[in-house]
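Below, each structure is written out as structure tokens.
You will see chain A twice below: alongside chain B first, and alongside chain C after that.
Right after this comes the complex of A and B.
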């Protein structure tokens, strides 16, 4: 039924255009029925996007190779789950997923706020309609997933690297994050267009921003785990532009989540916050452009490609429009208060923001420099790991330290006496950690010692925050300590959820430092019976086997693993051959030791059929599992921060309800 | 293919009805305007935000003082201005709120009360 899919997309385009044009006209002339009609068009565009998505999903599941997209991204032997994940495995499908999530978010955001903030939603509808129009246009005119062809006997299959359980969740999570940033952008623009200088747009989008940011974070961790287990090079992050594409908007959103608190508490940084929202949204568009335009393989494939120039044009229009709007509304955004002291909570948020944005922009420069150099000089100059690692250390370590300092400092100002008291335990813990590490021989890397000492400082400051808060609450309300702790968190979920997220970031930092600074890597060609020593492990290659899987031919090396002379298990690293796709993939074997939080990874780089030998790469990655554990903690913290607070919602509802009943003075 | 066209037509008709619904439901409304926040109301929102900000800051200051994050000296220096700010915001809001309470139906009759975007 490609005709139904095409019709649904054309309808979606028409509805989005109507929402944008009629919505803008209605907002300008304040026509109630027209505004309601434009909002309804946005809801209907979601319905049309759902129909288009169902048509594509049904075609994928039915192996309907009359759809060029289905033939190009699946095969009859492809397992059902991966057949469905092919929805976002190609350009057209992933753009349709963008549109589906965008229209769903747009409909939900407008429906939830149309009574709470009607004058804001009036302008939000055309902004969301404008963004949806762009993606609908791409899908209708430039990259339709409903192109047809005479059906081949079998499809081309799905890229083997995408045939991994993590690929079922990683792209949708990232898209939920990318697209989610459209909502705060639309509300910020809505506030500026409607000349509202208050914080209504921030209140309306608080959870949307936090949710989008959490999805982006989880999506990146899932992507890192996918790279670790699937790509077969023994790492989890390679500063690849596609990875950076997701990291940049996440960093901008992280900066916004912090600086918005300064606006809420002190009424400062209004311009900065709007700029951060524009940056985060612009980077989410840029990320989609990077991954989908073909520009990463070559600047020429970008200009020859279909969607690239459209994306560049749209990003330019969005940036120019939003910056011009900020400029025009500058008088509305003036802060009435100033920074009282450089040693205050708001000052640490400011430092944190500067570092986050600096890191974000240096990564952006690393991503666009090769593109620019290819465009100007005709040859790409690659920006490699050392560039990014340098800036990660330069900005990341101070950021880590600030994460511990910030919570210990009061708003407005802190005296030295108070600082001495609150810093005592965390500072002592950091120093003790550093001394212990040096004493136990971890001093081979000064960077590692510094990273671990800072991490200890942050963890100690989080513990101090919870402990002091709970005991103050306990003495104030006469509650037992556990009850006081629970009510402390319940009464200020954003703050304490944020601390849990900070703890997750510390685990991440410890995991990254441990697995990248203290790892061991060995490579050797082994004949059957030969052994390779890597760290505490001795790995002995026995022989290789070949077997048939559902849609691939598997080649596995059988390797015995010993530690301290004792056999502790057998691992089976190898390679797969996918006949439908005519591609091979490396299948790394991982032996996870949770008690030591370390992994032993084995990668077969080549099977030599002439003499039966293998080229084996073995890695011991200490503390790498903390990275994955940090993901669980991150989700927990984000959920605490996202959990609705009925008292807070009542208070905010009362605050803004007052304005709608006020009588003239 | 016929079924696809029939479904597409049904989808299109449903969407058009939904979009036209506000006009179908109210062909001749008494008023067709979304009420705009007056300058006074915008000012009131700003005052309510200032009031909430001051009260939250006071609460946070008390808590930070109790946990030792704010010294006695800082507390004494900060609490006065914050109380003054909160009192000013409350005072500025008070007459309007009182007037609103006395005249619950004081909405100007020229415009329909805010119905939002429906």
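Right after this comes the complex of A and C.
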């Protein structure tokens, strides 16, 4: 079995190398048959990656401990779902997942576009083949998941903290996002190499970028929720390098998704878009490298394997090659038109892009600061939460406001009169929100009031957009309001899906602001019968119990919760002790109040066996549930924007035909 | 006829300038980060640092003096006694890699409350931690 896996990986490496070399030669010499052969090699590399993956999955399910990887990451008692999740639980397996998704995406992207954009695909094949070659090489030479050993009686198991349903989905989601950014990168390079620097590569990869971006966003939210419910510190994001590694490409991709609209509509920002896609792909590689190199101090454990230098080399080659290509092709990337007014839709997209990229780069600066400071001063220094929070506020709040302004401003230029008319309702809503918040005593944080007022402005602008559009359709087509609304969204999926995503971002911003600015934290040592007041809640410690679970000893404190003097429930925070792993875990108790959208979190920091007391930490997190709710809305909006649209396909096909005729030979 | 300057360039230039200004203001106010050190490199540092390393036992705890233990270099032998007057996270144990902020006082590293973090289990470690 391991031999089959190794053979499949060697075959995958050979096929990818062939796709890269033969594909490049064929594209340069315009040999169609050789190009088709290179594309077929790329499709076949996916088959080889599938075989290698099936071998590993079968070994995991059979608890075949002759595979060092299986013995190192699973045990016989581990439930099936977690056993399978060990596929990406270790370095070698996660790299194999990278390769599997990459070759699947590569095969699908090339197959779907070979007729729509054949001259682009000609060069896309070698680029994707080159990336696949790198990951195949790593798996064959540096980090093979098919190493063998004399089988031990049982495996080492999986860390208890990773045995959580969110951890089943979080890493694959991030991978689908990271790897998905390879496709727009490959098409951008393909466009430059084939000297077809029009909008075709953007149109061909729009859904790929959107999909990758959506997966990255959902993956991060799943990780944040795992941290919230499992790690037991009452937070969900710690600005750790590993977390930032996923956030940075997501920010770059967000900027890209907005700026491509300007290029499609106005033929502007061509260089900028190519640079953004290089940045997003480079950051996805950088993120993968970060989690594997041990180069940075992080609250996450890193393996300190030999894989880091290979990644540094590959990132350097990719960056140098792509930037050189952009430089060489600069004459082809001239804009067709110019920005006519600083008060126009395209200008707001530009401001949005600058803020997103600025936020992305300041986070990158914070992440690499320890490396740079050590190189310059000989001593590593790290920036912490306050650094990131400062820039999140500095760039995030204007971004939030722009999200509401952008859709209200016309393309090319807007008159003051038009602005007054379109801004009236959203601006009035924002002011009213601010006044109400101040009047109801929520003005303790000016930042919170500003964030909520901006959020109200954006939500009002979205409602205005939907209402005006549906009203126009209703009166033009004589449709009822619900039908008009549905057909409005169906006919403009990208635009209205985008608005739904904007609404999700508003919920996220409100949730983050509420749970971080207005939260209440209390800590106290409680003896049985004693009460701790936290916000509107009074929590009374009754006693503690100990019980045996399947693979852990559970210690729980029984705590009564009252609000307004009325008993509203009993919570059981505590700790688990896993004897096999010799490890404790905090089991935070969460009381979710959906009507107030707030959580009461209880964490037992310590059981004092001497006097039966507990050290209890209680947190009230207002609006934190909006963060998780925003995830559902985000998925909904992304699905609307991603949903295939036959009318759009016909329009684009016509544009392809036109541009093929007009294109230089 | 003089060439009309593009507003896009102006916008980009102003934005970059604003970004740099914000950055300068931040670094002027908040400084350039906190040293990240292991016990072997602590000598001569009196300012606040972030200390990383592995927990060496025995770990003694009392309500009055908090937790007392030593931290050793991850790949070395240098150690320093640590006092931490707060409850460490549940994953805290001898041999575990941790990070804690604080400063050296009379040869003992005094950790700030709420800053001790144990490393999360990795999804990508070659061996379970």
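Note that in this section the second predicted complex is superposed on the first by the 643 of 665 C-alpha atoms of A that agree within 3 Å, B and C clash if a C-alpha of one lies under 4 Å from a C-alpha of the other, contacts with A are read in each partner's own complex, and residues count from 1 in each chain.
To be clear about the criterion, a residue touches a chain if its C-beta (ideal position, glycine included) is under 8 Å from a C-beta of that chain, and two chains touch if they have at least 3 such contacts.
Since the model is a prediction, treat every value here as computed from it, not as a measurement.
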Looking at A:312 after the superposition, I want to know if it touches chain B, chain C, both of them or none. Which is it: first, second, both, neither? neither
Looking at the overlay, does A:642 come into contact with chain B only (first), chain C only (second), both, or neither? neither
Touching partner for A:54 - first (chain B), second (chain C), both, neither: neither
With the two complexes superposed on chain A, say which partner A:354 touches: chain B (first), chain C (second), both, or neither. second
Where does A:84 make contact in the superposed view: on chain B (first), on chain C (second), on both, or on neither? neither
Which partner does A:11 reach: the first (chain B), the second (chain C), both, or neither? first
Which superposed partner A:73 touches (first chain B, second chain C, both, neither): second
Looking at the overlay, what does A:386 touch: chain B (first), chain C (second), both, or neither? second
Could you tell me if A:436 is touching chain B, chain C, both of them or neither one (first, second, both, neither)? neither
Check: chain A residues flagged as touching chain B and also chain C none
Footprint of chain A on chain B - complex, ascending: 1, 3-5, 7-8, 11-12, 14-15, 18-23, 26, 29, 31-38, 40-42, 44-46, 48-50, 52-53, 56-57, 60-61, 63-64, 66-71, 73-74, 78, 93, 95-97, 99-100, 103-104, 106-108, 112, 114-118
Residue ranges of chain A in contact with chain B within the complex: 1-4, 7-8, 11, 15, 18, 26, 30-41, 43-44, 47-48, 51, 110, 114-115, 118-119, 121-122, 125, 196-200, 264-267, 408-415, 417-418, 421-422, 468-469, 471-472, 475-476, 651, 655-656, 658-665
Residues of chain C defined as touching chain A within the complex: 6-8, 10-12, 15, 19, 22-23, 26, 30, 32-37, 41, 50, 52, 87, 89-91, 93, 97, 99, 117-129
For the complex, which residues does chain A have touching chain C? 72-73, 88-92, 94, 156-159, 161-162, 167, 171, 231-233, 268, 291-292, 297-303, 305, 338-342, 347, 350-351, 354, 358, 362, 369-370, 373, 379-384, 386-387, 390-391, 394, 575, 581-586, 605-606, 615
